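The structure's right below; bear with me while I get my questions together.
Chain naming follows the written order as A, B, C and D, and within any one chain the residues start at number 1.
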């Protein structure tokens, strides 16, 4: 599909929502492509280092990303005060060309806090709010409760909302039936799904084909498979490190060059596992340093890698031909 | 044991930690008894209702609780802004007799934020900080990382710390080896364990018998069993509703009247399951209303019970002879 | 309670079931006490070694066990052919005094095979059939399906049936509601529950108090806690090694000497974890050898312990004062 | 690749293994294509109905399957006596053209029993042994134990072995490192992986590219995705019902017609979930009847669908255009 340019929608969010009373899909932001969920650079004293952030953004400018995610799980958002979160979004907005989308994480545990932060994110310049599932009372987070939560947030948000399901962190999979209901909301654009259940990904695409609902793969490990099932893009931690190859993989898939895509995908699986499940954000930041980016420390209690872990991580990138 | 009064320790936290260089256990706050983890009363508009809170505190004053927990899981703390949390603790402190302990939840995701909130809680009048395990990056929350986190918090805290493990909410069980290491810290008093693994409870008591480490059962369902294994008290959601019977159960166990204790425990299991796993905080607040307390609504996305759920809940209290 | 001797019931199983039409509990076998779930001795070539089995039985004769379990999980029953299973039961029956109960595992995946094996076990001399939950199609093992399965087995069995729930092996917890329904069946005596959820144990005792349903703790780790909640006995792997102390613990609990019981229980938790979750049957068999029993190899694919594992195991028994 | 015909290898299994001393891949059976894991037809009295089996085989003859699986999970093998299992394989062998492969399930809990049954299966006419992971003692089924188990089985088997990992039934995922080690064994052809972790599927293909190891998707839900990552075929319960469309999907993927493949895959996901996770084998057998096959009852404790369940199942096939 050839969707409108992002600024079309951005100039008239009210108008856009106003269209929702009419049947049929409204014009939506096109999320097709790769989004790195930025890590948050900290100084040696664990303060946010905006200079290093701008340096990384400058380097990312030459990679054909569709946009950036600020304050995703890899951004250590639970370790950031609200004022830090807003300042980060403002900073990225200033540095980012207008043709690149800025998705900002704005999910909190309560509905009211999520709404307030979403509004603030819009004011700080976010194009889209990425709203993680509340999860502390996961036993009570029924499909009905989550539908109600997201509906209130989307109703109140001045910018489009993308659902965000990341069971490895939240212990909660946004139920498929909730996704299908929410897909009909005019201000809900799509979902970032990091669970990796490819059958579910396919079913989400299939069951929302009337809704112009956009499915983003939440990890580089199942990017090709998600595209093969109809996903439109990916939010991939590994894009902080190997942004260009991931954009290349995106291109190969969209051009239907699946055999080349497969070979590239194969070489990305182990590095991706290494900077996510295996070594987490400390591993991701370490790997960024080998590719010319600022990584730096994480905030405690996230601990730096030990020397043997660094060696193992390096070996994984080498064995797959990236170092 | 006949421990010192709480104010002994409170008058000299520095001195207390100073004693830690000497071998043997230091004098510690005695946590023996029942603590209700207070629900947070909200008005119809979901604002904190301090008048209702004071009303509940007034009613609790006649029950021989050892103290109160403010901002435990049942207090909806993830839905409260930091200023609300501090104001709640101040309010409870003003209303609470000095011979009752005030435990305040102060756990955040980052170590630094936890330290800051713990210090603020002490200033607001908390006797003890109850520190939940950070959990969002649970894959990275190794035993070593958690030991480091709690050690830094306990080092910096002006008041004693109680560990808090609640896997149903956090998806994370504080590893036994971490508990055993932390039990040696002079400013760590004990643990509230809500996991319900009675073998683990017994092992924690057994392996910390040199440390004067106090184990609190985190739920009324396994209170008797925990006491039988050597726990000293309980932080029980059900105490918001059935405080007197729980204090009676505490007494029977401490007096060795196990047969009577068993009969009482049996009648508490189903009501406890109903206000925790089955219906959660909305169920707990509803049941409070039947016993003369203010319950009121929860903050969204926690949803009120449906009418059939209310009937089921009521039936459970009736069938066990409480209504 | 002072139940009838086991042979009372055994002489008239038909008559016993005939009583079931009348209200109130029927006379049942008394399962109060400790039962070791026998390991199956194998020779160096992994054949069943009946001579060593008889040797172990001879040594167990001096310990006041209530009876023995043959073909529980610790008996490696899934590795034994049906003819081996029957021969084992016959062999134990010949060696066992009549005042000791012989419980024989007879659970298979299909209802029909379970019935056939149960009948054969009765003919081979078993007093009670211990029937594990079928589990391969666990997604289809609803409460209704399991109630139907056990009802058919109990209807057809010439000997009383004990339910057996062991989620660590089966990945399936026999649902509480199924237990409560089955507790009303006149030929179902009780349950061996190895799950360790003490709240559930208490609830099973409480909700079946009209049925004379007997609850057996399935592991030494939560034996005291189970007794405190009303369980009547235990089937404990550790009884293969430390039979006398476990019978002593049983006695202390039944006499209400809870403080002594607690001290003994504490010293049994780590050895129990070591011969179950940590090192499994190979660890159990190795530890048996240190206490004068024949342990020997397991059948493949269960692998023998490495030397460091043997040392660790030995250290755990030493540290708790058993070696 | 254009592999040898199956009989090439079958004529000289000894010679085939003899080749294994040489570097490089040996000639192997080509598993490319779709295999239905046959359901086992039972009469009203739950006896195996060989006439109905032959009727189904006759109908399947016109569908371009690569071969058949007998005694997979959908064959209710845990409910069949050993003599029934062998008779089933003999019956299918007699009815099956020689150019279709017969894979027979031969996994048991013990290594020795698995070897014996595998040898018997070869004698009964199986081309390949499909060996499920032993699982009852899953806590002890380490990667090393499983490698040892499969190595002994593959060493002793006169026919090639395919590994079989089905965590929904076994509660055990054959560890990737074990798969990679076993892929080097000359008598291990590949794996049927029913877990659905597409990242793992891709990694298995990638890391065994030197070994000519063949990866089969264990379910129709992730068939296209598996092919996109390099799997060569599928063993799909749904092929009992919708064999022709699944062979068409196989063809579209192998021809690189991914867009058409996606549309077809999308329509297969819900029917597949319905006959597997949602309604299991009773649902699969019921759906078979609507497409001209014999379904019939399952053995107890698998229960027949209720009328509302049948309606729901039918609705799922209708909504996706299959009825």
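Rule of thumb we're sticking to: a contact is a pair of C-beta atoms (placed from the backbone, for glycine too) under 8 Å apart; a residue touches a chain by one contact, two chains touch by 3 or more.
Just so it is clear, the structure is predicted and the values come from calculations on it, not from any experiment.
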- Task: Quickly list, by label, the chains bordering both subunit C and subunit D.
- Result: none
- Item | Listed chain pair A-D, B-C or A-B that repeats interface C-D [over half of contact pairs the same by residue number] | A-B
- Please flag the chain sitting at the greatest distance from subunit C, going by CA centroids. A
- Query: Measuring from the mean C-alpha position of subunit A to the mean C-alpha position of subunit C, what distance in angstrom results?
  - Reply: 51
- Item | Separation of subunit B from subunit C, taking each centre as the mean of its C-alpha atoms, in whole Å | 37
- Query: Tell me, which residues of subunit B touch at least two other chains?
  - Reply: none
- Query: Graph of touching chains, which shape: line, ring, star, complete, other?
  - Reply: ring
- Message: So which chains actually touch one another? I want all the pairs, not just one.
- Response: A-B, A-D, B-C, C-D
- Item | Interfacial residue positions of subunit A with respect to subunit B in the complex | 46, 73, 78-79, 81, 109-113, 134, 136-142, 144-146, 148-149, 152, 168-171, 277, 280-282, 299-303
- Within the complex, subunit B is touched by subunit C residues 196-199, 202-203, 205-206, 219, 221-222, 224-225, 228-230, 256, 258-259, 262, 265-267, 269-270, 272-273
